[in-house]
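Next, two complexes with chain A in common: one pairs it with chain B, the other with chain C.
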Partner chain A sequence: MPKLTINGQAVDVPAGTNLIEAARKIGVEVPHYCYHPALSIAGQCRLCMVDVEKTPRPTIACNTLAADGMAVWTETDRVKETRKSIMEFHLINHPLDCPVCDQAGECGLQIYYMKHGLYDPRMRDEKVHKPKAVPLGAHVILDAERCILCSRCVRFCDEVTGTGELGIFSRGDESEIGLFPGKELANKYSGNVVDICPVGALTDRDFRFAVRVWYLDSATSICPGCARGCNIEVHVNRRRPHHNDGRRVARLKPRFNADVNRWWICDDGRYGFAFVDDTSRLVIPRWSRDGALGDATWEEAIAAVAGALQRFAPDEIGVVASPKMANEDLWALRRILESRGIRRVAFRVPPRTPGDEDTLLIRRDKNPNSLGAELLGLEGDGAAILAAARARQVKCLWVFGHDLLASAWPVTETDAALRALELLIFTGPSANATSERAHFTLPAAAWVEREGTYTNFEGRVQRFRQAVQPLGQALPEWDILGRVLRALGVEAGATRAERWFRELASGVPAFTGLTYQSIGDGGAALSAPPGGGAAGSHLVSGHPPMGPGSRSPLP
Partner chain B sequence: MTATKILTRNFERADSHTLAAYRETGGYAAWQKAETLEPAAITEEVKQSNLRGLGGAGFPTGTKWSFIPKHHAGPVYLVINADEGEPGTFKDRYLLERDPHALIEGMLIAARAIRSATGFVYIRGEYIEPWRRFSAAVKEAYDAGYLGRGFDVVVHRGAGAYICGEETGLISSLEGKKGWPKLKPPFPAIKGAFGAPTIVNNVETICCVPHILTRGAAWFAALGTKTQGGTRMYSVSGRVRRPGVYEASVAITLRALIDDLAGGVTGNGRLKAVVPGGSSAAILRADEIDVTMDVDGLRNAGTMAGSAGVIVMDETVSIPEALMVVARFYAHESCGQCTPCRESTGWIYKMVRRIVEGRGRKDDLDTILDVARRGAGTTICAFYDGAVGPYVSYIEKFRAEFEALIPR
Partner chain C sequence: MTAPTVAFSEAQLAEVRRLQGLYPDGRAALLPALHLAQETFGHISLEVEEYVARLFDLTPAHVHEVVTFYTLFFREPKGRHVVAVCHNLSCHLAGAPEIVAHVRRRLGVDVGETTDDGRVTLQSVECLCACEHAPMMQVDDRYELDLTPEKVDRILEGLR
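On to the complex of A and B.
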């Protein structure tokens, strides 16, 4: 552990730590562009100069490792002068087109010019001209004139995705970022180059000209796109709703979590939020019967669902919960199932096309909370429930979110099952072919419209926060289910997600000790590791897993 | 002072490039001797000779060799920098064309000293005849059994970039990458070509090595000054009566080189300025040429020996125009990796060009000087510092000439 001083302050860092990270540890920011902790050291921008005692001139902090006894000064006069010079060099050929640049407001050039530049511009010659508005792929667009050639994007494609689409071509001040011949920036993580681009050279085609970043509000969240549970920020435009055609969610950005996704998210996750403001959203409780349909109040809808749960015998009711539901929702559902003695429950619906997977982040399971659903004891045989429906044993089916008709199950069999039902209830944020067949649809809030927790595939419980109000009359599932529970005459005190979680944590041993506070923004590991047979078995009353067609193992 | 012919001793022979001619004049005897020496003894002999790198930086060669980690397991590479690109320099071309076996013999000895089994010779792409001649010599050396018995030589051609003459830019290029200089540390002797310890030496430097072995370090050291041994080959160009390559002691004065060897100044016959060590060296006025041409002599004169490319300008030469040509070269050749160099070489060229074209502004000269000084020492390699040499010296020493071009 080298011990050194930075600006006179002592700091211990692990061997191999460079001076940027060592300074960061004591809250000192060494300005830099090309350095990124996830990428190899390029040492190209030359901005991170610091003074190291007994060194004749300022040296770059990114390529200097902390050493025992080293004395580092980050704010000497000559360091400040050097930074100022480097800022001038960065900007002499920059087009200074901030008014039309999406990066404005979060641009490394703007921020550092104000902090470290503030020189009087002297460049009065014609600037170098380079290609502008060049699409690199489906998601990323390049303005080569704004590029400062830090090579972060190139190194990302070389070192993180290993796809190597980008290079720096030509020489001197004609150098420019570009695609190798015949290549397209089409890797599954392409959007990350926009995040790591410190300037407006690489911008997001989906976000392009949509909204100025200073109008954005942010909520910490979790990507619901797969079982990884990448940490994200949801950026929403509440203050200028007329911008971006009224789309409320402007973009998703990865949020650093060393244990989950580091700095990255995949493109499927990044651009997977379009459904939130889509016209397919369910926004009002509705009923449908014999070709007639109409709106219902929540009171009517809740009463109807509760009535059905009481009218049908528990064995005549099937429930297909969803691994897209939060832990809180699933706990509320479990309370209902327990109160009515409903045992035909499942949550896994096999997708028609198997999901892709890689070794970086992407998981084959495209649901954020499969492990949570498993731990909450909702494992069961969905196909068997549908078979029971076809046999008219199950007469009432409650489906959460899934489109059973788009699953790997044979459509004709699913269709026959739905047709045979006396009552189909659907709860979810968006309409689909299954919801179209429902007698009652209860609109659920999308994940950005509510809070809750997901348990990722590694057994990490992570919180997501509300970014926008639910669309129309949609409600979080835990709220819908709580209302049903009360209509069933069961005491259900929880009227906030956090309370449901507290109840869940005291009811499910794997979650023991966890609170919203302890989970925080970084997530928390379950007290019992996933995959250990004990994790969910307490909920199944010691029943061994049962074969196809058997009833749900729920107590 | 007259020429001392050691490296160029065979240049007059039409067949000097052949193995037969090389052997006839004592070729490969040094290698025979070296084979009987311990590697450390070879390095020590070279250290004692005060041989300093003749490519530009002037680093002591034996010391450089001693940086290779002792007891390193795995390959060690010897790389010969034959990417002679410094404007005003054309000596390595002569060696490759007229005495290629001297380089091969020098490589064999150097490789033994650093325990290398593979040598790369990186020849600039424009050097077609030197490449042909050298490749033919390599074939002869293989056929004669000098190569291929514990040491192999790979000839690699560059593709036309000045920066590939910078030792780590050269290594990047050799590795198949864009010729971008590498961050130091690690230095090439620790982690160079393909990640292995590597010594990069200039052609001429290595051609000195056989002579040091046959005639002894003391003899070689005595040819030069206290801090630099031997002779070197000066490429003299510009306004002189007999431009060409001249070999002489490193202790020769610039004046003697121009007047005695190159036949004196042409043009209007009156000297205005001399660039003594390739385009990156600071320019000297006519009254500053009584300096010895060794590394320390020229350093003390505020310039550098560099590659010993001597560019002579008579009074009819426009210094602003000369700087414009030089500035255009550096703007064109900057690799673009480091921000200060990438951005300011182009900017400075634009300013100098404007001045030459009569569109200069009053503050341009101070801006150029300030920009040049601010960028100096801030980059990965020495390229930009090499450009700063002419930027600053041309303007400082001939400021009135620039000011005369700027409209009042």
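On to the complex of A and C.
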């Protein structure tokens, strides 16, 4: 453990720590562009110069390892002068187009110029011009004039995705990043190069010009796109609703979690939020009967559902819960099932096309909470429930979120099952072919419109927070289910997600001891992690086993 | 990927493997391999870059980086002669811009282009380490020093 001083303050760091990280440890920021903790050292931007005692001139902190007895100074006059000169070099050919640049407000050049530059430019020559607005792929667009050639994006594609699409071509002041002619930036993590680009060279085609970043609000959340549960921030546009066509969710950004996703998220997750503000959202409880349909109040809808749960015998009721529901929702559902003695329950609906998977983040299971649903005891045979519906043993079916008609189950059989039902209830955020067939649709809040927790495939329970209000009259599932419980005459006091979680934590052994506080923003492991042979035994075919055997440490 | 229409002979492939074996990291042999490719195929097309990338287990982008970095790699068919005028600091101060303008006028091509008759390719390049004789240029394998427009005319006339 090298012991050194930085600006006179003593600090101990593990061997192999560079001076940027050592300084970070005591809250000292060494400005830098090319250094990124996930990538190899390039030493390209030269901005992280610091003075190290007994060395003749400033040295780059990113490529200098902390050593015992080292005395480092990050704010000497010489260092400040060096930084200022380097900023001037970086900006020689950089266009002054901040007013039309999408990076403005979160730009490394703007921030560091104000902090470390503040010089009067001395350049009299014409700036070098390079290609602008060049689409690199479906998600990323390049402005080569704004690039400072830090090579983070190049190293990301070399070292994280291993796809190596990007390079720095030509040399001198003609150098520019780009793709091999005719190729595309088409890897599944391409959006991350926008995040790590410190300037406006690489911007996001989806977010570009949608809303200025200083109008965005942010909530910490979890990506619901697969069983990994990558930590994210949801950036929402509440303050300028007339921008961006009223789309409230502006973008998703990865949030660092060393144990889950490090700095990254995949493109499917990053751009998977469009449904939140889509016209396919369900926003009002509705009924439909013999071709007629209409709106209902929540009171009417809840009374109708509770009435049905009492009218049909428990064995005549089937429930297809969803692994996209939060633990809190599933617990409230379990309370209903227990109170009515309903046993025909399942939550897995095999997708028509099996999901993709890789060794970085992407999981084949495209649901955020399959393990939670499993631990809450909702495992069952969905196909058998539909078979029972066709045999008119199940007369009332309650489906959460799924489109059963778009699953791997034969459409004709599913269709026959839905046709045979006396009552189909659908609860979910968005309309689909199954909800179109429902006699009652109860609109559920999307994940960004509510609080809750998911349990990822490794048994990490993670919280997501509310970023925007539910659309229309939509409610979180736990709220809908709590109302049904009360209509059934069952005591259900919880009126907040956190109270449902508290109840769940005392009722399900795996969750014992967990609270919203202990989960925090980083998540917490289940007290009894998933495993044992049992987990794999009642999986619906088409899903890989998700026990500890399939755990893969992040690269 | 389509089947390559450019390919080294067995002997050339053996040479590439020998070069790769000389260095701790085989990629160090990329430069000599590219020279070999240029001698063989005349110039380094994108197809050649992709072919060489496969030989080195690199992505085409990384071979493209190397090829675009060096002025001695030709990405288009080059002329029978190559005239490379230095435009770096010493030559610039000693009048390289006028020399480049003069050659352009005389040859009727821009920097980076080849005359219609395929006689001369004109380049403007970084320092060639002959600052004491600035302005200077390289013509094929020769250095031409202390240039004046008259001297340039004589040199160009000698190129057939």
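Here is the rule we go by: the second predicted complex is superposed on the first by the 532 of 555 C-alpha atoms of A that agree within 3 Å, B and C clash if a C-alpha of one lies under 4 Å from a C-alpha of the other, contacts with A are read in each partner's own complex, and residues count from 1 in each chain.
Rule of thumb we're sticking to: contacts are C-beta pairs under 8 Å (C-beta built on N, C-alpha and C of every residue); 3 or more make two chains touch, one makes a residue touch a chain.
Everything quoted here is computed from the prediction, not taken from an experiment.
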Sharing chain A, do chain B and chain C clash or fit in the superposition?
clash
Just checking: does A:Val411 make contact with chain B only, chain C only, both, or neither of them? Give me first, second, both or neither.
neither
According to the stated criteria, A:Leu293 is in contact with first (chain B), second (chain C), both, or neither; which is it?
neither
So, does A:Leu179 touch the first partner chain B, the second partner chain C, both, or neither?
second
Is A:Glu165 touching the first partner chain B, the second partner chain C, both, or neither of them?
second
For A:Ala67, decide between first (touching chain B), second (touching chain C), both and neither.
neither
Between chain B (first) and chain C (second), which, if any, makes contact with A:Gln44: first, second, both or neither?
first
Check whether chain B or chain C contacts more residues of chain A in the superposed model.
B
First, second, both or neither for A:His90, with chain B first and chain C second:
first
The only stretch of chain C that collides with chain B once the two complexes are overlaid, out of 20-28, 38-46, 110-118 or 146-154, is 20-28
Give me the intersection of chain A's contacts with chain B and its contacts with chain C, in residue numbers.
167-168, 170-172
For chain A, which residues count as touching chain C in their complex?
163-172, 178-183
Please name which positions on chain A make contact with chain B in the complex.
41-47, 49, 57-58, 63, 81-82, 85-86, 88-90, 92-93, 122-126, 128, 148-149, 167-168, 170-175
Help me check something: in the complex, which residues belonging to chain C touch chain A?
46, 49-50, 58-62, 64-65, 68-69, 126
Can you check the complex and tell me which residues of chain B touch chain A?
161, 163, 178, 183, 185, 331-340, 342-347, 350-351, 354, 361, 363, 367, 371, 374-375, 377-380
